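Chain IDs A, B and C follow the sequence of writing; residue 1 opens each chain.
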Amino acid sequence: MSAEAKLKELGLTLTQAPSPVAQYVPAKQVGNLIYVSGQVPFRNGKLEYMGKVGAERTPEEGKKAAELCALNALAVVKSLIGSLDKVEEIVQVRGFVNCTPEFTNHPEVINGASDLFVNVFGEKGRHVRAALGAPSLPRGATTEVEIIVRVK
Amino acid sequence: MSAEAKLKELGLTLTQAPSPVAQYVPAKQVGNLIYVSGQVPFRNGKLEYMGKVGAERTPEEGKKAAELCALNALAVVKSLIGSLDKVEEIVQVRGFVNCTPEFTNHPEVINGASDLFVNVFGEKGRHVRAALGAPSLPRGATTEVEIIVRVK
Amino acid sequence: MSAEAKLKELGLTLTQAPSPVAQYVPAKQVGNLIYVSGQVPFRNGKLEYMGKVGAERTPEEGKKAAELCALNALAVVKSLIGSLDKVEEIVQVRGFVNCTPEFTNHPEVINGASDLFVNVFGEKGRHVRAALGAPSLPRGATTEVEIIVRVK
């Protein structure tokens, strides 16, 4: 099944690709790699998850935030190349969790992004990953996710 | 106008490219991409901006720190390839802000780097970006900026 | 001397390449670059260094943790391509130190990884680097290290 069809089957809707508010661009292609800017959990122009995991946010909410970051990253890729069916593989995912110094379950939070990529792209969605903590993120976002994608 | 001429017009001087004090190198070229080591706000061998944004440092000072990191990254690129006029585009900028857990204006701080690249390179200076918080940075630096550049 | 022989001479043993516990993979090759997932200081399935540098851990322990992360990254590369002698160069190292907000000696900690790469690969082991602080890391790990390697 194609990635676009799978996305539909999963009932997932790509939100409007968030526009950077500064001198940068959402994505850039170099050769067959697309580098995507760090995505925060915006939905329709509003930040849906703010606050720190371990304080205002549960790990489960963090996981949903990471999933939304991943969806936004896909929206950005789609707006650059027209269709997610042109994606050959998700190469790399780097996920930052806005959390307290005591938090240790970053992998479970960033699974929200990783699971989405595998659900949509199957084996091609499996990627190299780093999950990390951050003391704070832009606008107070709960998570931030960067990806590199290989296209045809 | 060429990047070198633009730099001169803006009255910006590349400081001496900082030398790593360990077993690493300032930059490496692989194919047509140059990876640059994380730069902190050194000027002539002295760290110009130390301390956390939200505590000892204002966001405006953080922005100037990020600009200086960006200048140092360009100095490193120039010392590797001889002239900034060989730069085809700034591909990616990753900026870390040494800040308090309450800080949320990372994008404005990292704009110090982003604006510099666009001022010097115009449209080719627009890049993919991630802005993130860090609880601490090497030597107490206020910001750290990593870039990837594409060359001819 | 080959990297494999050097590793033996140094008395270093690659631990079993850690298996990701989620939907991601330890490493991926794109063209002649291998991207390696963020490695934490596991040895034989057990996290050997937990806790923050500046609190529960000394910088010297952090350095050993970073070395172990680097060894794990090499184990991952070897399990992907069969032999470290196929490594052309270590391109990039990004090291995160789980530390207190007051800590400033990140470079010395991440030298644990950098020194290992140079000891094993000589001049080809010298890399671009970023050393950063993190307020927390997965499972409470003391360090996390990501690398990019170029192969033949």
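As a working rule, a residue touches a chain if its C-beta (ideal position, glycine included) is under 8 Å from a C-beta of that chain, and two chains touch if they have at least 3 such contacts.
These figures come from a predicted structure and were not determined experimentally.
A.B. asks: Since subunit A and subunit B are copies that touch, is their contact same (over half of the numbers shared) or different (under half)?
C.D. replies: Counting shared over all numbers used gives less than one half: different.
A.B. asks: Between 0 and 180 degrees and rounded to the nearest 5, what angle rotates subunit A's CA atoms onto those of subunit C?
C.D. replies: Rounded to the nearest 5 degrees, it is 120.
A.B. asks: Can you work out the whole-Å distance between the CA centroids of subunit A and subunit B?
C.D. replies: 25
A.B. asks: Give me the residues of subunit C that touch two or more other chains.
C.D. replies: Residues 31, 94, 101, 134-135 of subunit C touch two or more partner chains.
A.B. asks: Touching subunit A in the complex: which residues of subunit B?
C.D. replies: The touching residues are 31, 33, 89, 91-94, 99-107, 110-111, 114-115, 117-118, 125-135, 148, 150.
A.B. asks: Quick check: in the complex, which residue numbers of subunit B touch subunit C?
C.D. replies: So the residues of subunit B in touch with subunit C come to 20-28, 30-31, 35-38, 52, 94, 96, 98, 101, 134-140, 144, 146.
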